[in-house]
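Dropping the structures in below, format is structure tokens.
Common to both upcoming complexes is chain A, partnered first by chain B, then by chain C.
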Partner chain A sequence: MNVAFDRINLNDTIMSSKEEEYKEMFLSEALQNYEQLNELFTTLEKDHDDSESIDSIFRITHTLKGNAMGMGYEGIASLSHVMEDVFSEVKEGNIKLNKSLFDNMFKANDKLGALIDALTTEEKVSYKGILTKLNVILRKAREKNQPSGNSTDVNDNKEQVPEENIPVVEQETTPEAELNEVKQTTEGVEEQPEIIETSTENTDEVIEVEEEIEEEEIEEDDTQRKVAFSDIVQIPIRKLDALMNQVEQLIIERDRLIAVSGRSSSDFTSLQRITSDLQYSVMDVRLVQIGFLFNKFHRVVRDVASIESKQVNLVLKGTEVEIDRNILKIMSDSLVHLVRNSVSHGIEDAQTRIQRGKPEEGVITLNARNEKDNVIVEITDDGNGIDTEIIRKKIVEKGMLTKELAKYLSSDEVLLYIFEPGFSNAEKITEVSGRGVGMDVVKKATESIGGQISVETEVGKGSTIILKLPSSMAVKGALLFLLGKQEFAFALSYTEAVISLYKYEIKIINSGLMAKYLDKTISVIFLHDLLAMKNLDDIHNEGAFHTTYHEIDDNKKLDVIVISYGNRLIGIVVDKLLQQKEIVEKTIAKPLDNVKILTGTTILGNGNVCLVVDAVAIAEILFKSSQKSKVMEVM
Partner chain B sequence: MSKKVLIVDDSMYMRKLIREALEKEGHEIVGEAENGEIAIDLALSLTPELITLDNILPDMIGLDILKVIKEEGLTCRIIMISAVGQQSVINEGLSLGASDYIIKPFTSEKLLEVVNKVI
Partner chain C sequence: MELETQNEVQKKSEKNVGDVADEKILLIVFKLGASEYALSIDQIKEVVLTPRISEIPQTPAYIKGVANIRGTVISIIDLEARFGLKPKKKVDEDETDENNVDLDTEKSNYTLVVESEEFKIGVLVKEVPNTYSIKRSEIDSSSDIIRHSSLDENAIKGIVKIDERMIILINVLSMMETGGIQTTNE
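Moving on to the complex of A and B:
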């Protein structure tokens, strides 16, 4: 999908904000082009006869060239131009597709991506090398095709970087392409096209649509007159962020007004419905299909597999599942890391696979599906699997636990250690892994958005990394409760159940507390004890978790929130449960931002500030403390 | 006077030979390129004062590089290194702005003689 804005006449009369907007549009489309090219090259490398891909590459590089020329981005223009020309020769059959050509095209596309990025970062990108190399390939192909030509002339292939914004049709292109060129020159002169224009009043402004190639095949006579409107509008994400922010404030204000009005909330039913609908509509606009990211992994897998000489097929499932664009952005590096890991450490080389009775070609599956308000992303490989005994040894070797203690960990607990900082199961640092992003960083990123990560594995069969991500970031379900007079909240994504326990059902075990829940023994903690600590090191003090327990009557009925984190259930005793509510969480401002067990705050309808408690942090505190008590047991 | 030099040659042996000869004279070798693509990127990023440019490279010929360097407005001296019987290439190189040329095989004395002439 491609809203091509026509030639832009960048003269001084255009306000700089307009210029910024054009640039933003260019960037977003150029990045899209770059991604599409990556995907197409990967597809074409697998099937050299895929003429549809060849046509698409030709068309996309052509579009990108035109846009870049319009913006005066010479590097992008010249590089996409030469790529277009190479594929023009490929179409004609004058250049053969082979590994070396693909290596060059991938490299050129990488430079293209770097040049596009550089528009924002202003970094210097060296691209002339590959540019010249492609020009030489082109020249050789043309020489071969025109044996009468003068073969030592290096001048003829270099006038391809036009100095003006007026496109020069200097070699054979397809009829559609030529039409495009003509159209651009004729229309570009006086137009200052609005990029996002949903209003029909501005019919004199041109928004050209290139939905599919077929749509370009318009009657020649029509092309000069036809004004096509896209059904799709591209909007810079910052505008959506601002809109979301305003809706959030509206909701807080709504709750405040309802609270101070002193009237029954049923009087506000329709206001509540409308604002909720508005909120969900805005959230919905921010959703993108996860396939948008998944499709980039063909290239990632191709590169890693090529470096390691492995055969790997990538299978994508659930690409239509929708997720908030910002969540996808935060998770994209992590997903790249996980996929690289799967190829590098998961999939075996062909020989080993044959010995193990597996097909030579390994399979990595990326699967997305909705589960309640979450999106579950699974990265599965049919490779080595993770040997928990090796991990157990590593835990000891790295000095993370003593040998005695490591013995006590269950296999599931052992696996959690691969997400610990400083833990890497890679036996050697390869070109692929060992790039700084470790599994601990992946875990941090996942948890920063309220998600969870886990792993399932079977030695010799393969592994699956499971990411449970919220589908939307802005609003989250939360469970509100009281502690003393202060309102607190837990994110629902970590809440398993709400139960009532009598004090006598809770037992002291070592330094902690335990209770039965659904036939399982779970750790229990009085949140009050934890929040009363001056210092988190106090958790190691004798009886630190028993204070409140000893103060209350045996028959007291307690409200307990059961949270689940990394295969563990923890019962958290609070003073009083309030309600389940959708909250808009704000990050914590200084100086509270380094309080470990809070993730953020929200403002309630009654105007009170409610603190959001970090379930992950509490689980980790308890985990550490229970390890310590295990040490004591062993000793 | 010491100069910043970029050596462009696909043969490691040749690069080593040129490097040692020039370093002995006190020149600083800022980079070595084994193909044209790297050569252009290094020439533009390192801005050497002198380039020794082999004409036959795996991905392009020296003239391609020469042309880009001139287009980019680099003022460095360029010595073309060419095999015998390529006078037409040498002539074209000189017309494109190369300072001088050396015919392979050559001695380090011959190399230094040409280098000293052009700098």
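Moving on to the complex of A and C:
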């Protein structure tokens, strides 16, 4: 069912790109398996008693078989299957290891390698010969073992091949001929591998003649041994981080050079182009398709739904959207939590759904899309929806706000409380939700990478949690400005607009400042006032936000950056706007890592350290202070 | 750079000398206020000209801010302010008046980059620091001296007497690690 839905929602190009991706993954893993097998056979050939290697071979062939079957690669599947079977007998002690067996195994593994290669080259590979041979060995071992009860070694089996051969190679018209070849092979093998090659080749030929399809390949086969190379290189993320770091330093150095040269930056266009290309290439390497994570949610949904006896279908959209691997890693727990929440709190049980005139089966949709430099991830359910009145009641019950104050909150403001620490909307603690990470942790994780979380809901219809995530952690757009003599920046993801206001357009209202922006009234703050505070508790001091306001002339024109955070708009007055720039932000190192109103620093072209101001923290500080003043009002 | 090689030489000599008391250690000596202070050379990564410092809001007065030292942003601390070796008035002015800060940092020409596994900080000094080689036995670390000093217990390691001079041996890192730098909020 899930699968069917997947397909409906994915168009052809996505499907094929997905298939390509799976194929690439399979190839990379299969090649690895092949190489491991080569190594293990070599080790085992030197030390026949190495049971660890035997186990590994068994395990690897088993995995490879499973993967190949999943992908529908019949040849690889059947060959690895028979190899697995042989080693299962070896494990049991029914087949003894000896040179001829190894020769056959190496041969089989080479064929396996060739078959894996053939997936890309689309060459034909004949593998039936070795397949048959291994089947013969296997059959012999089994039959020998069962009736007589005592294990015989493979060399003995050789003599018995004639009788036992026939059932195995049923289709073969000349079993004797093949048989002789097998004999030849195993006998002629004794010393040099070269001989094995040729003799096994002969074997193939004999069979090949019968199975006309594969005649052509025989000649090229076995002539030279190529070392297999995968087209995919696995790189530890640590190395990518280091590479990224170096590129970032290069960019800083570039900007510095341009700044000191005193020439216009247009003289450096090609340098700028090359360095940005380099930067984007490195960033691109770190991107993964969000589908990697999304696909894991089928299981998450199934598990939760079965615990809660609900019927839930998961729909994935936009799985091809790419996002920085580190961001995905940071967000993965949060996404799991959100999805579990949707099943547990969102979707109703089948009975309720029928009563509400909804289909029995609930639907949860995970949707990813690009929006400018961000990736928007939406988790939608068609369930209960969130009743803001219940939340409002909870806010009061939990003592987060007084009853009087709670009345003042708009529905949107009420919804923001589900992200507050200590607020769990779960009616009862279930196995699934109500413990572990809460929504506040999800919010923290989102904001730690400069993202935003919001929720849309309609009672009875369902809810959507919207995550706005940066697609890359390394570089972010920022708005640079001056305050005093120092450069500061706001992350562009939080800036809504840049406006100019005359001081007389800003009015004192209570402890804060207000101004008109478009048709709304927004809070305004002089950033200097906030930064000059020795202690953030000073925001509650009388007139804490009016200091600069009173110092300046009424007709002064002010640069104001409007930031938006969780439905709130705040005007931030700065001394001078500088420019919009891509910055590489670093968190502030210990021991200054707990400074609240900064998210990090970046080094500018002139070598100066620019501080990145935390728009979220400012929004929260203002929100808290305005709440306090509301309390005052009410009292 | 020079310091680093000396550091290595010293480490080598440490290995050879078995007797702890006779073991030589290298100190970096600098002036704070009117007194001389020293750091063990192991803790110092390099000495650089003080770069431009960006102030960090809501931090104690002795945190001058952060600066770019060879592509890394590190915290810069002013031990004179930390140890109360400046006239009080001056410290307060630094908070609000930026011109004053600039003048002040100009005077603090050099920055000792102190590094531990956990973090890196810059310590402002006014003059080029000197190095002294002393025996470990010359460090007087009796508890009396430490208790009677105005510094934190974990900051001061002992007193070294060289002729008439008294040098206070401090450990900036353990001071930072144990005391930490608290932002002034919360």
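Assume the second predicted complex is superposed on the first by the 404 of 635 C-alpha atoms of A that agree within 3 Å, B and C clash if a C-alpha of one lies under 4 Å from a C-alpha of the other, contacts with A are read in each partner's own complex, and residues count from 1 in each chain.
Everything below uses one rule, namely that a residue touches a chain if its C-beta (ideal position, glycine included) is under 8 Å from a C-beta of that chain, and two chains touch if they have at least 3 such contacts.
Computed from a prediction, not measured in an experiment: that's the story for all the values here.
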| item | value |
| --- | --- |
| Partner chain in contact with A:Leu530 - chain B first, chain C second, else both or neither | second |
| Residue contacts on chain A - larger count, chain B or chain C | C |
| Which superposed partner A:Ser126 touches (first chain B, second chain C, both, neither) | first |
| Partner chain in contact with A:Val136 - chain B first, chain C second, else both or neither | first |
| Partner chain(s) touched by A:Ile499 [first = chain B, second = chain C, both, neither] | neither |
| On chain A, the residue positions that both chain B and chain C contact, one per complex | none |
| Complex contacts: residues of chain A adjacent to chain C | 249, 252, 484-487, 530-537, 586, 588-592, 594-598, 601, 603, 607-611 |
| Residue ranges of chain B touching chain A (in the complex, touch as defined) | 36-41, 44-45, 59-61, 63-65, 67-68, 71-72, 88-89, 92 |
| Touching residues on chain A, where the partner in the complex is chain B | 124, 126, 128-130, 132-133, 135-136, 152, 154-155, 158 |
| Residues of chain C defined as touching chain A within the complex | 51-59, 63, 65-68, 71-75, 95-96, 98, 102, 118-121, 176, 180-186 |
